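A, B, C, D and E are the chain letters, set down in written order, and residue numbers restart from 1 in every chain.
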Amino acid sequence: MSALLEIQDLQTFYGPSQVLFNLSLQIREGQVATLMGRNGMGKTTTVRSILGLTPARSGRICFAGAQIEALPPEQIAALGIAVVPEGRQIFPNLSVKENLIAFAANRNKSPNPWTLPRIYELFPRLQERQHNLGHQLSGGEQQMLAVGRALMTNPRLLILDEATEGLAPLLREEIWRVLQLLKESGQTILVIDKYVERLIALADQHTILERGRVVWQGNSEALKAQPELWKRYLSV
Amino acid sequence: QRTVKIGFVSTLSGGGAALGIDARDGFNLAVRLLNNQLGGVPVEVIVADDQQNPDVARQAVDRMLKRERVDFMTGIIFSNILLAVGDAIFEEKVHYISLNAGPSEYAGERCNPYFFNVAWQNDNLHEAMGQYVNTRRFENVFILAPNYPAGRDALTGFKRFYKGKIAAEVYNRLNQLDFSAEIAQIRAARPKAVYTFQPGAMGVNFIKQYAEAGLLREIPLFLPGFSADADVIRAVGRPMVGIYNSSHWALELNNPVNQRFVEEFRKAYNRTPTLYASQGYDAALMLDAAIRAVGGDVSKKDDLRKAFLAGFNSTRGPLKFNPNGYPIQNYYLRQVIQAPNGEIINRLAGNIFTNHSDAYVSQCKLR
Amino acid sequence: MPPSLFLEQILNGVQFGLMLFLLAAGLTLVFGIMDMINLAHGSLYMIGAYLTATFVGLTGVFWLGVLLAVVGTALIGMLLEFSILRQLYKRDHLSQVLATFALILIINEVVRIIWGSQPLLLSAPEGLSGPIEILPGLNYSAFRLTIIAVGLVVAVGLFLLVNNTRVGMWLRAGASNREMAQAMGVPIKPLFTLLFGVGAALCAIAGAFLGPILAVQVGMGESILILAFVVIVIGGIGSIKGALVGALLVGIVDTAGRAFLPLLLSQVASPEVASNLGPALASILIYLLMAVVLFFKPQGLFPART
Amino acid sequence: MRYGPILLLLGLLLAFPPIASATGLEFYTGLLTKLMIFALAAGSLNLILGYGGMVSFGHAAYFGVGAYTAAILAREGVSSAWVIWPVALALSGLLAFLIGAVCLRTRGVYFIMITLAFAQMIYFLVVSFKQYGGEDGLRARRPDFGLFELSDTTLYYLTLAVLAAVLYGLYRLVNSRFGRVLQAIRENESRTAAIGYPVYRFQLVAFVIAGVLAGLAGVLMAHYTEYASPNLLAWQQSGHLMMMVILGGVGQFWGGVLGAATLLLVEEILQDLTLYWQLGVGLILLLVVLFAPRGLAGLLRRRAG
Amino acid sequence: MSLLVIEHLTKQFGGLLAVNDCNLSVEVGEIHALIGPNGAGKTTLINQISGAQRPTKGRIRFDGHEITHLPQHQRVRLGLARTFQITNLFRSYTVLENLELAVQARSGSSFRFWSPVKREKALREEAEQIAEMLGLTPRNHTPAAQLSHGEQRQLEVGLALACKPKLLLLDEPMAGMGPEESGQMVELIDRLSQSVTILLVEHDMDAVFRLARRISVLVYGQVIASGPPEAIRANPEVHKAYLGDDPGGQHP
């Protein structure tokens, strides 16, 4: 199977300070991949570079065969990448429902796409609050909304940057369950999260970052077998 | 022989700019036609914009007096600006020839030997219209003006000569855009005539809205000349036709000075001159005559004053002055008509006052 | 006071309000939705009026002139956005204030250079120039009735655009979090250019319909701009409904103040005092209205969606 | 702060009037007086707008009230500056207190507009007093200082002294505890409240200080033009002051001074050169916004630093 | 002894009762965890205790004072400090500047207009200590906006700590922190509890069960259960409404 996303030698800067060093990464169609590492190691920056929000200074990013590192974010998104960003970033001045339907699309041509009723079924709480403005939601409700918003675009690649932050245990479990289902339906996913065990159970392939460099890459078996890695790079 | 310097401070930007620009163009035209000389002496005209703001005007006048050391000053359109800077000019013993602003303050007790006005005293045109409406025996006149000193003076001037019944005396807001409330009041009051003074663009707004309310055909509207001059006509168009207004000057005044002025102005600027332009032109002619009379020695202030008082030959014919520096002149009735060539212009329709003086001259101690 | 006069004054207020609304609509769109303080809004209004006057003069047909002017002003607006204003979205409101103030100065002078300082002729179309009888005994200007109609149509259209279309949601999303909107696939740049064009077109409509009633001259935008700001602030920034209600309130309060305050005062005070105080109070009234509204509702009447 | 350039500038300003009168340039003494008065007014606005994040669109009210108090007292026969000054400052401070107390309930653009509303009310109130000139304004004879006569030259020195003292005071203030809190409020109001600062009180105090200083500038303005005009109170004046601050650099210490001096000088020079001077001013302002995001003071600082 | 007592507290947003006749008390010295599903009203409760929002009904007493209607800054003065669930920092200020500002708030009057605040060494020293305690010392001079998300969360807690409160209201302090930082935060909170009473809102059940002496469960704005951790863990209601099959995080 060919790679849906392929990153080669990515170097990204914030102003003068370099954050990513020669980062390379591949995600194949239908795969679930993770990015791990401590706080501040460059996980979010990687995501931002993929999305074109903080364009890489050098390196290549290919998505579905197209070179995207120089494209503006909206074109990258239109190719079928959706993100559940760190810190939720839902639109405070749109109602819950508007947040969901404004960007609805079927970018991966799914026969059974995510629709408003399906999202409401997944997060009944959102339906209850559907006419409230985004900024009136509780933190967890905002998080659900951010997940729903990304799903509504039916992306080819779904990126979740700490999507379980601030969710109650029940809901967190719900998210893991959904991700499992998505995976089974063939959705390609890139996850960042702090629940390593869950990630091992879910994902096929892992990348550990340390100060902007890839220090380890491998599959779940390998990671499970090397708890010292966890300790060293993730302090778990 | 040294050049004579003239400071021309006027409103050249902002809402009132059209007035100042007309006056300046008239003044410059005269200077040019006199070969850049006044009274046979080469002149330099230094122009500054007061932005219709007293503080800016103060600054500009300071510059004229202290840096440029001008011999004469002129140009100010608005009375409140003039009042803010007048004393500073007079203190420097520089003659100020007003080409528009004619505040009553300088006409009565506070009159000043260094002040002359080539146009009018502020009340004059309103007095003339009051007189005319009075002689036509309109009963029950509705009068309206903005709530500021010149507006109040205007209605006072009107009432000085109009002796009939006043339907209502209403003061609107300065810089008001919409007159529908006042117009409804007028309609309800059923007056026989309306007199209003609305400076600048307010006049345009009022007349347009008055016409569009359909009242122009029912209740005749009387205006002071500056609210019905070429600039206003250009902006309002056909509805203006038929309106009576008062003026000390008219396009077709039959004298050689005026005929030359109108012709040359049209040629130079490609538009019909307004009364402001005529006043600017006259201010230059007045300086020309006085400087000639003192033989070009502008340091003889007393002689200059005598020369100014003696008068000169203006676009309105020979013009004389009262001791307070204000002119003694005729006031005419004009009517807006559509000329056979389609152009809408003011036509001379009669004489209201002959050799009329302002109401304050007796309070002035100057001789 | 006869009831018909009372009615007429209220109608005048409504009409004046809708006149303000035409201008406020574009302002609240650009300001409330793109979060861009555009003082040059008044300048676009002026350009709209000048273009209308020019095109009506050239073609001799009012409606054709208006159409050309609307298109022309929209193009000018988009050009402005494309060349200058788009660099200001990221910047704070104060930079926007300074830049668009600079634009006011520049546009005023350019208009003066092109058209001269004297006011321009723009009259209502022949068919609408007279009054018509709307109620027995109550005549009202046909053109002002047209303004009322245009104002209402614009209000409804905008309300639908902003609240019920996807583009409207994208615009609001883009204004609150540009980066995230882009990440969701919204082409922000062309969208904002387009929106600015729509704002400019609304200015032109305002200019075209107010021109025949007010003077078409340099500086016409500034004085009315303040009123438009008052309107949208009372209503709640970004809310079309708020702008409409705010405009009607300002229009009615202002007109009623001018029409009835002196009368009321003359009942209670001496004519001297009444004639002094009346106009002063009437001038203050809308500002008082705004202060009172903001005192009790610091976000305006319809705290919109930001 | 580096004192070298400042002392140099101060020296030049001190030496200016005698040199000017010796070379026949007295006019520029007046111009400089006006620049300094506006620098004072813009500096006071910069305190609340730049450091406090309170964008007041009604600052001309205090400026104008200062000037009108001076003029009205003079008209009523009070000639001592020792009476006029305190009364004018107290009145503008009181006004700022009352207006600030109401306006500070609102935020953002609503604050901008409500300050404008109050300033407009003051404006219309003042012009409705016919006995004080109405729209025509009021002449204001220069007061008696007792110690010296207020000529153009002494007024220059007086203004210079006041400006220097106020600027030094402001410099201390913005670097004091109070100044730091004020800036913190601008940066993040809800957090400032959450760590225990009475936000409203800090803002109000700053608002009143700025009002008093603007009133002071107004008094000097009345002395300078010997006239109090309604234009001093008009919204255009508030806008002008705001432009000065933004041009100079919002929240940059020298922003107000630099902006006032630059804008007035540019206007002065361009008016000499062309009738379409506003076009020039507009272009310059536009260039500054586009290429000097932090205003002229920011530009200078970047050069120097 | 109860440090904080909440009686019949109600907060209504339009038709929604975000907090509904809620009763709760926090004892001196305890770490009291408040858990509950998303949207249960936890943050709203914190907002009302800290004074950021006005209650619709009900009373709040703190340390013997009735504080229901006190402005926020007076509550801080009495010893109440909070963190924000959604990070809320002085973004362009450095870590130390952020902390100094908070230290200054409770050390003497800030209506001082003349002497330069930079010269107040004591403020800086205390700020440095707090940064040290948080493990943020290497970032002392980094503007808050340039910190990573997790670091910002730490500073968030630091700002509340700098207020030296008697009662610390922590709204999801661990959210967004990695396992390592979470671990450090747990230790920090544990250490703090020697001197400060803590009301902790957190969805990280590991942390909650490690730290809490008492747990209250908020559902639809009402406390449905309150008690020691074991009791809560055993409570079937709580399982249904909140915990699910997660009896205490990923490491039993």
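As a working rule, a residue touches a chain if its C-beta (ideal position, glycine included) is under 8 Å from a C-beta of that chain, and two chains touch if they have at least 3 such contacts.
Since this is a predicted model, take the numbers as computed values, not measurements.
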item	value
Intersection of the contact lists for subunit B and subunit D	C
Furthest chain, CA centroid comparison against subunit A	B
Chain centre separation (subunit C, subunit D; CA means) in Å	31
Cα-centroid distance, subunit B relative to subunit E, in whole angstrom	74
Between subunit C and subunit A, distance of the C-alpha-averaged centres to the nearest whole Å	45
Mean-CA-position distance for subunit D and subunit A (Å)	52
Subunit C, residues touching no fewer than two other chains	108, 112, 279-280, 283
Multi-chain contact residues (two or more partners), subunit D	127-128, 130, 278
Pairwise chain contacts under the document criterion	A-C, A-E, B-C, B-D, C-D, D-E
In the complex with subunit B, residue positions of subunit C that touch it	1-2, 5, 8-9, 12-13, 15-16, 19, 108, 112, 117-121, 123-124, 129-131, 139, 141, 143-144, 212-220, 223-224, 227, 255-256, 258-259, 262, 275, 278-280, 282-283
Footprint of subunit C on subunit D - complex, ascending	49, 55, 102, 105-107, 109-110, 113-114, 116-118, 120-121, 124-125, 127-128, 130, 235, 239, 242-243, 246-247, 250, 276, 278-279, 281-286, 288-290, 293
Touch list for subunit C against partner subunit D, complex	31, 37, 84, 87-88, 91-95, 97-99, 101-106, 108-110, 112-113, 226, 229-230, 233, 237, 276-277, 279-280, 283-284, 287-288, 290-291, 294-295, 298-300
Residue ranges of subunit B touching subunit C (in the complex, touch as defined)	13-15, 17-18, 21, 147, 169-173, 175-178, 180-182, 184-185, 187-188, 201-202, 204-205, 208-209, 211-214, 231-232, 234-239, 271
Residues on subunit A engaged by subunit E in the complex (per definition of touch)	14, 37-41, 44, 86-88, 125, 129, 136-141, 143-144, 162, 165-173, 194-198, 234-236
